[in-house]
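Here it is, the structure in full.
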């Protein structure tokens, strides 16, 4: 029998993308879980049959036998819902920041809230398959990575581990994201007239996603300068990463590090030297595209990393994790 | 001494445009009136000197001797504020729909609210200078026209009055507006991700602005089909108007009607036959641009009318009216 | 053995969409045919395997045994290539306007060129499956409909045939399209800075696509007023259609006509009365969505019809036709 | 008598902005100089009176007594036209890169062309008033700075000169520009469908504008990493600049350096600590807005600098220079 999976927050941008992808998945059946009455219904189409919809709660898990519940909700809601869903026997894939950091102290420092579920925080498995696939299949509570850190870590971690980054002079990550990264809740900051023909920097040096990069790429905060920017586009993240390379002579040397690390990875694409991805290349895909430019005279290196924030940065990666958790082919419904 | 004028709702899109234009006006001094604490401040710039800001109320009018108060507020707020401002001795230019219709019955029918100031509704002067300039200089309460009706009436009224429109077969006005027309209050409908790469029709056949066109162009509702659409642009309105022409042989005949009517008008621009304006032509200007296409074989005529909804459709026209009310040159600060 | 199909013009917007959809089709194998060296390659990605690429010519058809050749080329190129491809034994699906009209006279009148292949023009089958599916399976030369006429005819033809349209007072079709409809060849008209924050009408009353609507919906030119507009979006067409209805009492009566006609159609979606589609609803799909508004007092009706111009308006419909021609399920790779 | 000034390249984006601003200037009269027949006329408006238009050549300078000729042309055209215009007695303000570098060797290295006017290259005065106002009033050939370097140098030069930048660890300038920076000539790269919903990096580490920053801010190439990006907006440049600060304790210390340097500058605006400008803040203005973020624990500093690339980055700065050259108030027609 096809396992059922629940989605909470299915009207948000990540949640809707999750439903769209799950509806094409041959091996699971999505069930919408209503956490609170939300605005934003689409106009009614005749004779269409949307997925089953139920109130969100332990009963839905028990009655429908939900194998997994996806939480596409704000961190405080995820902290609230996760224990109940786990308690009812479902495994949980959380797309929020609630369970990404390792300690309550880190959570307090970056999210400015006391974490009320420290045991779950300790238990949660961080689901960036290309970096740490081992713990994912057995995870009971899986924490889906942030969008910015996904693009950053996939580009930075292999280089740091290979020892080619001059950490003393610092790594700069100038990150740009489409407006869907801010969620679907109406706000002045993401109103059309404020975003169109505009571009702005925010959370300079203190974005909540910074500690995920420090954690995965094994960097100190003082070594890593991160600025988020809001692009006038719907979806997509592009990060331009600057550092001094050590022991590198040609761009091919940097690419070789990625090639070795990502040889078997279906969702990482590398560009020929001197070429870099744009947002268009990854839109509506689960790929992370990486390109490298290098100046051998000075050692200056620039890496460009691009993902679709709603796919590899959220819903697609969540399904990639689900595939690993339920034993399906990792790429199912994602290529 | 330079007369002072007050602006309520100065953080909204029309209000902010009003302040911007008034700051360049050599003969008035703008004063910001705080009606309620609004979100949406701009980042603080050092050593800059914004206009004087006061709580909104009769005291501001009396103490500062405000000659005019502009209400860039929702209709229900305008209905609330207008009596107090008038009572304190100011003249009022209202940019909302509160005082545009002629009767409480019409207001109830189209705005779905009982009008609580019927005497003011009766007194208000409708300020479309190119159509009815006479009453404007002496107005105590001036009602600034809607954005859609401004573009529609300037194109339609002269032709109806010249008797060249076959009213029996109907006039179609297909209207498209930028998102600033919906105001600055955050809503899902005007969120960036909902508007970009999208386009939608709304208020089909029953937009609140319809009765203003019927009133000024002297049409029956059954003769006039109007649909509003939301464009993924910040500002601008373009209306494509279709009708059958009677007694017309060439596009020049239609243009001649406009030329005669608008010979002395500084803000109407006509295009050579077969050419029509686009939004770009009128952006950031107080012009209404009009172009005509005509098929002599069948009598089918298409008129395209374009304005900037925030200027000729709101703040610019309000200043044009103020100029007439205070005896300044009509084009002051608008060319 | 999986049949091979060729694509000429695969770098254009319709051609690239065709390749993208064909690569997911389980029953055919796409082959790229190079007609002329075109600019616009994407940055090179390592270890990727693009489809087979050959010079465009009869040899490619013979050597590879191409079952079908898609021409995503300008009309003059299609007129040039079609005879050679047919002569080499392939069937042809042409996405241009070359073979859409019925007579050389009509072609001369609307395309301003003498048609040099009148016999093929007479032979070509017009491929709008929902309107005339019968001839498609056996077609040797299939002419894929224009994007504007697809949205227009699917909305208009059933109503005209049902006799509910007051043709004497005329039908207005106000059509808006994204910029990809103009093709990928660089031009000032479709440059980013000319299109963004702009909106413009073009080809008023004399667009090349008009005769396709007259042909399929059985209208006279004087009865049908059509204006094309350029939207600042990548993809999508939305048409707002106005007419007076005869013998209709409620919007449901109009919807009932569509329901009867389209009961078995997989790509037509109808909206509940008073609701209409927006561009977003059909983006990246092969659906044509239709919604109706009706004013019973005056008989005024407004129908909104929306498609993705690159899918149902071009590549998707071409594959729908290919599926019918090769005996595959009509929806293969399109849902 | 009002001096006349000529504009070559008046249909390009910078040229058109120049004409628009000059038409409002009370002390000069613009004359359009036709260098070659260009496409891209606007639709004809009745009874409008555009500026005088003449063929471009020495005769225009002599006959009309042009005080200044603006060259809003590509570098190779400027190199061609400048000697003739100077020879006929006009002073020249060149908006291209033709005369910005100091030596033919530098020009060859960055523009990949042999410079055919080395004497003029040596004579040209670089016109960034806030950095080096002295030579401007007497300049015969003035070279208007590039758009990217204007935003970069105004932010970087004061800090380098104050000795607070740790040059050894390098300065990163991540620059983003609207599409008008690429000019009006149609190309695939700036086509609407390629730019909308997209974002891309280009000329990584080797943009032609880099040497202007090295020259003005007195940096070595190995100390300065610059990447240009194409934003899906019409106009505006925002640059995010990263460095390690030396001898700085608080953001106020960095702002104090700017305040001292720019105390008398009318076109530099500084933001309160922790606040930074967005594109919207400077659109359609001649301002360069600067904001600072600083982390005292690590010394990491981030400066955001924003201009309108067509105004302070091109036409506005050209008029600022013209005002200095002709003895008008520096801000005339620019506030």
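The chains carry the letters A, B, C and D, assigned in the order they are written, with residues numbered from 1 in each.
In the analysis below, contacts are C-beta pairs under 8 Å (C-beta built on N, C-alpha and C of every residue); 3 or more make two chains touch, one makes a residue touch a chain.
What you are looking at is a predicted structure, and each value in this text was computed from that prediction instead of being measured.
Asker: Just to confirm, which listed pair, A-D, B-D or A-B, duplicates the contacts seen in A-C for more than half of them?
Answerer: Repeat of the A-C interface: B-D.
Asker: Which chain has its C-alpha centre farthest away from the C-alpha centre of chain D?
Answerer: Relative to chain D, the chain with the farthest C-alpha centre is C.
Asker: Compute the distance, rounded to whole Å, between the mean C-alpha positions of chain C and chain D.
Answerer: Their C-alpha centroids are separated by 45 Å.
Asker: Could you state the distance in Å from the CA-based centre of chain B to that of chain D?
Answerer: 37
Asker: With chain centres defined as C-alpha means, what is the inter-centre distance between chain B and chain C in Å?
Answerer: That pair's centroid distance is 39 Å.
Asker: In chain D, what residues contact two or more other chains?
Answerer: Chain D, residues with two or more chain partners: 194, 196-197, 232-234, 276, 278.
Asker: So in the complex, which bits of chain C are touching chain B?
Answerer: 168-170, 172, 174, 176, 194, 196-201, 204-205, 221-222, 225, 227, 229, 231-236, 238, 240, 242, 244, 276, 278-280, 283, 293, 295, 297-300, 302, 304
Asker: Can you name the residues of chain A that touch chain B in the complex?
Answerer: Residue list for chain A touching chain B: 13, 39-40, 178-180, 184, 186-188, 190-197, 232-234.
Asker: Per the contact definition, I'd like the list of chain A residues that touch chain C in the complex.
Answerer: 42-48, 196-197, 255, 259, 269-272, 275-278, 281, 284, 289, 291
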